[in-house]
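One chain, chain A, appears in both complexes that follow, with chain B as partner in the first and chain C in the second.
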Partner chain A sequence: MTEYAIKQLLAGVAVLFVVVTATFFLIQAAPGRLSILADPTLDPSVAAAIERRLGLDQPVAVQYVRWMSNIAQGDLGRSLVFNRPVMQMIVERLPATLLLGFTALLITVLVGIPSGIVAARWPNSLLDQALSFASILGLATPNFWLGILLIILFSVQLGWLPGAGMQTIGQPFSVLDRLSYLVLPAVVLATSTTAELMRYTRSSWLEAINQDFVRTARSKGLVESRVHGKHIMKNALIPVLTILGLTLPRLVGGAAIIESLFSWPGIGSMAVNAAIGRDTPLILGTTIFVAVAVIVSNLLIDLLYGAIDPRIRFD
Partner chain B sequence: MVRRFSHLLAALAVTFALSGAWAQNLDAPRGGVVQIPLATTPGSLMPILPSELASAIINWTMFSPLTAVNPWTNEVEPYLAERYDANEDLTVWTFYLHQGVTWHDGEPLTAEDVKFTFDAIRDPETAATTAPDFRGVVDVEVVDTYTVRVTLEASDGFFADRLSLGGNEIIPKHILEGFDSLYDATEFITRAPIGSGPFKMRNASPGNFYELVANEDFFLGRPFLDGLTFRVVPDGNTRVTQLLTRQLDWVDLEAPQLPSVRNNPNIAVTTFDSLGYQLFAWNLRNPLFQDPRVRIAMTHAVDRRAMANTVSPGLGYVDDVFIPAGVEWVARPDVEYREYDPELALQILAEVGWTPNADGILERDGETFSFYILVDRGDVQREQMGLILQQYFTDIGMDVEYILAERGGRWLEETQQRTFDTRLAAFPLPNLDWAQRLYTCNGPFNSQSYCNEEVDRIFRAVLSTIDREEQSRLLTEVGYVLHADPPNMVLLWRDRMTAHAADVGNIPPNNIKDSMPFSHLLYRQR
Partner chain C sequence: MAVATTTPRRPRGRRTQWQVFLSALYRNKLALFGVVFMITLLLTMAASPWLPIPSPTRINLAATFQPPSAAHWLGTDENGRDVFARLLAGGRVSIAVGFAAALLTVVIGSALGVLAGYFGGLTDRVIMRFTDGLLSVPVFFLLLAVVAIWGSSITVLVVALGFTRWMGPARLIRGEILRFKAMEYATAARALGAGHLRLMVRHLLPQAMPALIVATSIGVGNVMLIEAGLSFLGLGIAPPTPSWGNMLTASQFYMWTAPHLAVYPGVMILLSVMTFNTLGDVLRDALDPRLRSSGS
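Then we have the complex of A and B:
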């Protein structure tokens, strides 16, 4: 398993190299300039001075080599707009993103898996149909639109929850206050992933129900709850893990739209700002972070497969 | 002989404004906090470093410029400088600072700080966006603790006016002189600025919020509010929603957002002249447009009032005067508005030699009247106006292409390189000095390559006087010349709006950014 993990990590480094290289040259190819240079009233001599100071007057290849050599030394560089180390900015934003991401993940797991099991346990029942309809609705609804609707309902109309931000400014920290800000973005972020997980759980469960070992378990006279709780669950959850593995980096890497909509100060909203402002080091820094999240979560899921299912071996 | 002017204390100037339509309450209750949005995280909390709108907004509240534009009257007033004067030929300007002003850390603010700031702006390494304003500065001299003298190489009647624009606020020498580069002062730039403005930083959470508290020792008097909170809210619609939920107290408003707040009793909407206009610019390097008769004919070919009513119903006006109506001290030239008259347009074009060919396209000596309109993506009004203009010009037989380009990409590139055929743009006129930047032959913003010797001569005269009446007379004269030889086509003097919580007082008729130097007058009803 160790050998497999090392191989996967090395492959991850190669993927990372390709991703950041492609991102770097895509940014260069995209129209637009660094936000502070995109002012038509900016004097050309000032623009030239800014470019000189930031090294943007150098050929793209030189910029790339310099940036990559910094990366090799673990230095993500400094934001062109904020003049701060990119790593520091990511670390500052990470707790907010993790809080939102893991809350959404918790909702996804706590709602998605049980509802998928319930739907599969009584297939084609009214409950199954209602849950299926809800999941299709959850998948089909654009999350930014759902977010706006929830803000209008719960913040503007009912006044129950704050519509944006992360805390009440000027007041000491309290868990209740933080939760009140967390509810709406976390629910919106979790809506499609919950629906997705519910559908995968249901189909995976239904597939497992028809397997020979289930028939054998039932023929041995096991009670139905034990058949589902022990024999089916263990087999049905393997594909579910794959979905969770794909969902994890999406949630942890920053939900750009949701964070922007709810003014949640995480990595996603920072990435959006960086893209709008053409802040190349910051865009690349967040790209690296997300790419690492994808690689690591995929590796973890791969390793978990082996732990859950003894049939899967890595050597 | 020394010319003296603008001797009024800023506070007294505010008092005078009481008699105006936009009177301020100077006996307002104290206390409370007002929450204001920033669309992005401020790039720099050091005002002279290059940055963007969010920085300009917050920095105005923490730092003091020598002069400031009063957002109620749009007049330049002394601010940190209690008064200032200039010599006869306007080459030596002397600024007399308020005495007893302190930085937020309690240190005294002196002429040394002013010299430090101006020298830093002039240093090419700083890459200050306002460096071109200081290009004519020969020397900055500390006369005494509270007096600083600036020597210019040529007459400049607008020097003090330019200091009122964002990016010229004074920064503290005692804190920053120890850094090799101002960019090394990272904590100052991102979290812990020390200014002399009405509010000071208490808690900065970059990307999230900035909590400011009243500067008890502010030299124009303690602010009415206890504090200001700036929230980073990137999405424009979320800003309006937060206004509705009282998480924000004041937002700049776009026309489509008006219905959301119009009938809300807790919200007040302020409409005001933006002092800027939407324009259709010809590239006058292109022989197609060099004859002013062609430009006049094209102006007659467009029903600009109908277009304005379509894209901005009830919010703005159109005329052929290149000075905003909001600048009341300049008498408006009595020029005729060029009405929509396509027949007249064709008649004028025929006089110039442009007549329809067999396909109905205007042609002269075998050349067809072909050009493209370059429009920057993102401003819905300009995108709409570009399409409407294309139709009007096509209707009179011109072959017109509509090109929608990224603002920071092709649009900016062609603007700076002056390679466009025609383009749509918005041009701000925060003060009338900017007019000469746009309309004079070597003006820095003259991307349309307009050049009229008479205009240059009059603007030279404007720069060599500080007599407002004389400046007004000259600017009116410019208006007549520009009307006869139009540099661009005025499409819309667009009204702007802000919306604010009804219990917040002393909101100026201006956008949030330009109101900030007078944020100490904001108050909250008990």
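Then we have the complex of A and C:
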């Protein structure tokens, strides 16, 4: 187990190193200068000041070492637009993103896994076909478009739910109020991941059905509900854990669009605004932060996976 | 293994790959519908110069938010531009970007996948670790950073999407190469003196063609979704060039007055992505059923 854990950890660190290096060269390889500096209306002395602040007047090797050591110390630089440390801005907005992300993850798991199991329990039934159709739609729908449609329906036409923001202005915080703002973005964010998880659960379940221990369980005379509820469940759901790890990047990436659409004050909408405002340190810092967060979560999932399923450690 | 008989090599009733594909397509009604939709759309786009529709960029502020009429088949938008013409023009951009970027992902993915599968050992481990690692990075943020630094243009979009979405194809192709590498014909070619490059490019890669086609089809759908998202945020295809994504940006501001404007581009994206996804499934079943379990 220890050897497996160390291997996973090293791989995680290597990927982080590559991502951080890649972001560095992304700036270095920019055509001519940073696009914010290419603005012809910008005063040359201001441009020079920005270059000096970003250390762009130093040799590449010096810049690279500084970039790496700053990030290793948790320093992601300062925002050009807000003149504040990027890390501080991320920490401020992180709770909103975590709330939205975890709610969407909860919806994904609570809807995706049961519906996948139901589809696999009665394969090719009408229900299975309906669910499969729903998952094809879920994977092909642009989530922001679904968001627009739901805002038009529930906020504009029916007036049941708010379509933007995180709480009613001028009112004290209440759970019910927060939930009313959370429902639409969380549901929209969870659509494609739910569809994906359902598909995966279904095929994982169908694969488990054909294994020897299932035949043994049946030949012992176990009722079908017990075969499914106990023997298949245990074996089918372990691989589902991996796909859950793979849905994290999709969830986080989707959060950028969905937060913007719903004016949700998290790091996703901050990143989009930074990209629109050409605030390079802010967008790069957020990207690196998000990459670290997702890679660390995947690492934890891998370790958990190794602990639950001994087969994986000796792969 | 088949028993040797006197039957000719191509017995009656054996179907060509094309026939296998058509019958698989016929069985998957959703994909069939998608293909009919896509062919109709492509033909209409090709014929649009000869159709009686106005220019997609002609602004007429005296005729904004018109309902559908003989002159404007789907009405007009907030600038009085013809919605039908814009859907066609936007589709051309969205589909072209989708194809170009998907092809690039397959080119990069197959280069790395072939290298990993063919050489194995350390090369394989390094490439696949990197592939898995990149799969766990939220690519959308990376794309935001690229667009923020490089500015957004169709070229930047295609290249950036190509370089961030190649992991699925790479894994798929690697699996294929591993399988074919072990076959007798590859050993025979090696025995005849074929070098590494020749083996990879002439003998192994062509065998992986079905996987490449499947990966491209599924890739087009994925890329179109991301492009639509970026364009919607104002970070992809920039107006006045219409794309389905940036047509939705504007519709957002007219949700109260003209909610129908939000419907058309979204439906087009949904149908196109569904077409390429289901077509990928059909191609996989028809060309190479063994790919079914490995996914992409």
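In this text, the second predicted complex is superposed on the first by the 261 of 315 C-alpha atoms of A that agree within 3 Å, B and C clash if a C-alpha of one lies under 4 Å from a C-alpha of the other, contacts with A are read in each partner's own complex, and residues count from 1 in each chain.
One rule holds in what follows: a contact is a pair of C-beta atoms (placed from the backbone, for glycine too) under 8 Å apart; a residue touches a chain by one contact, two chains touch by 3 or more.
Small disclaimer: the values here were computed from a predicted structure and weren't measured.
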Have a look at where A:P265 lands relative to chain B and chain C in the superposition and call it first, second, both or neither.
-> first
Contacts of A:L9 with chain B and chain C, given as first, second, both or neither = neither
Looking at the overlay, what does A:E92 touch: chain B (first), chain C (second), both, or neither?
-> first
Tell me which partner A:P44 touches in the superposition: chain B (first), chain C (second), both or neither.
-> first
Thinking of the overlay built on chain A, is A:L110 touched by chain B (first), by chain C (second), by both, or by neither?
-> neither
Which partner does A:V156 reach: the first (chain B), the second (chain C), both, or neither?
-> both
Of the two partner chains, chain B (first) and chain C (second), which one does A:I295 touch, if any: first, second, both, or neither?
-> second
Between chain B (first) and chain C (second), which, if any, makes contact with A:V62: first, second, both or neither?
-> neither
Counting only touches as set out at the top, which of chain B and chain C does A:R278 meet: first, second, both, neither?
-> both
Residues of chain A contacting chain B in one complex and chain C in the other | 30-31, 35, 148, 151-152, 156, 260-261, 272, 276, 278
Chain A contact footprint on chain B (complex, rising order) | 33, 35, 40-41, 43-44, 50-52, 124-129, 131-132, 183, 186, 189-190, 205-209, 211, 227, 229, 231-235, 237-238, 241-242, 244-245, 247, 405-410, 412, 415-416, 425, 428, 444-445, 447
Chain C partner contacts - residues on chain A that touch it in the complex = 11-12, 14-15, 18-19, 23, 26-27, 30-31, 34-35, 133, 136-137, 139-145, 148-149, 151-152, 156-157, 203, 207, 245-246, 248-250, 252-254, 256-257, 260-261, 271-272, 274-276, 278-280, 283-284, 286-287, 290-291, 294-295, 298
Would you mind writing out the residues of chain A in touch with chain B in their complex?
-> 30-33, 35-46, 49-50, 52-53, 81-84, 89, 92-93, 96, 148, 151-152, 155-156, 159, 162-166, 169-170, 260-263, 265, 269-270, 272-273, 276-278
In the complex, go through chain C and note every residue touching chain A.
-> 30, 129-130, 132-142, 144-151, 221, 225, 228-229, 232-235, 245, 248, 251-252, 255-256, 259, 262-263, 265-266, 269-271, 273-274, 277-278, 293
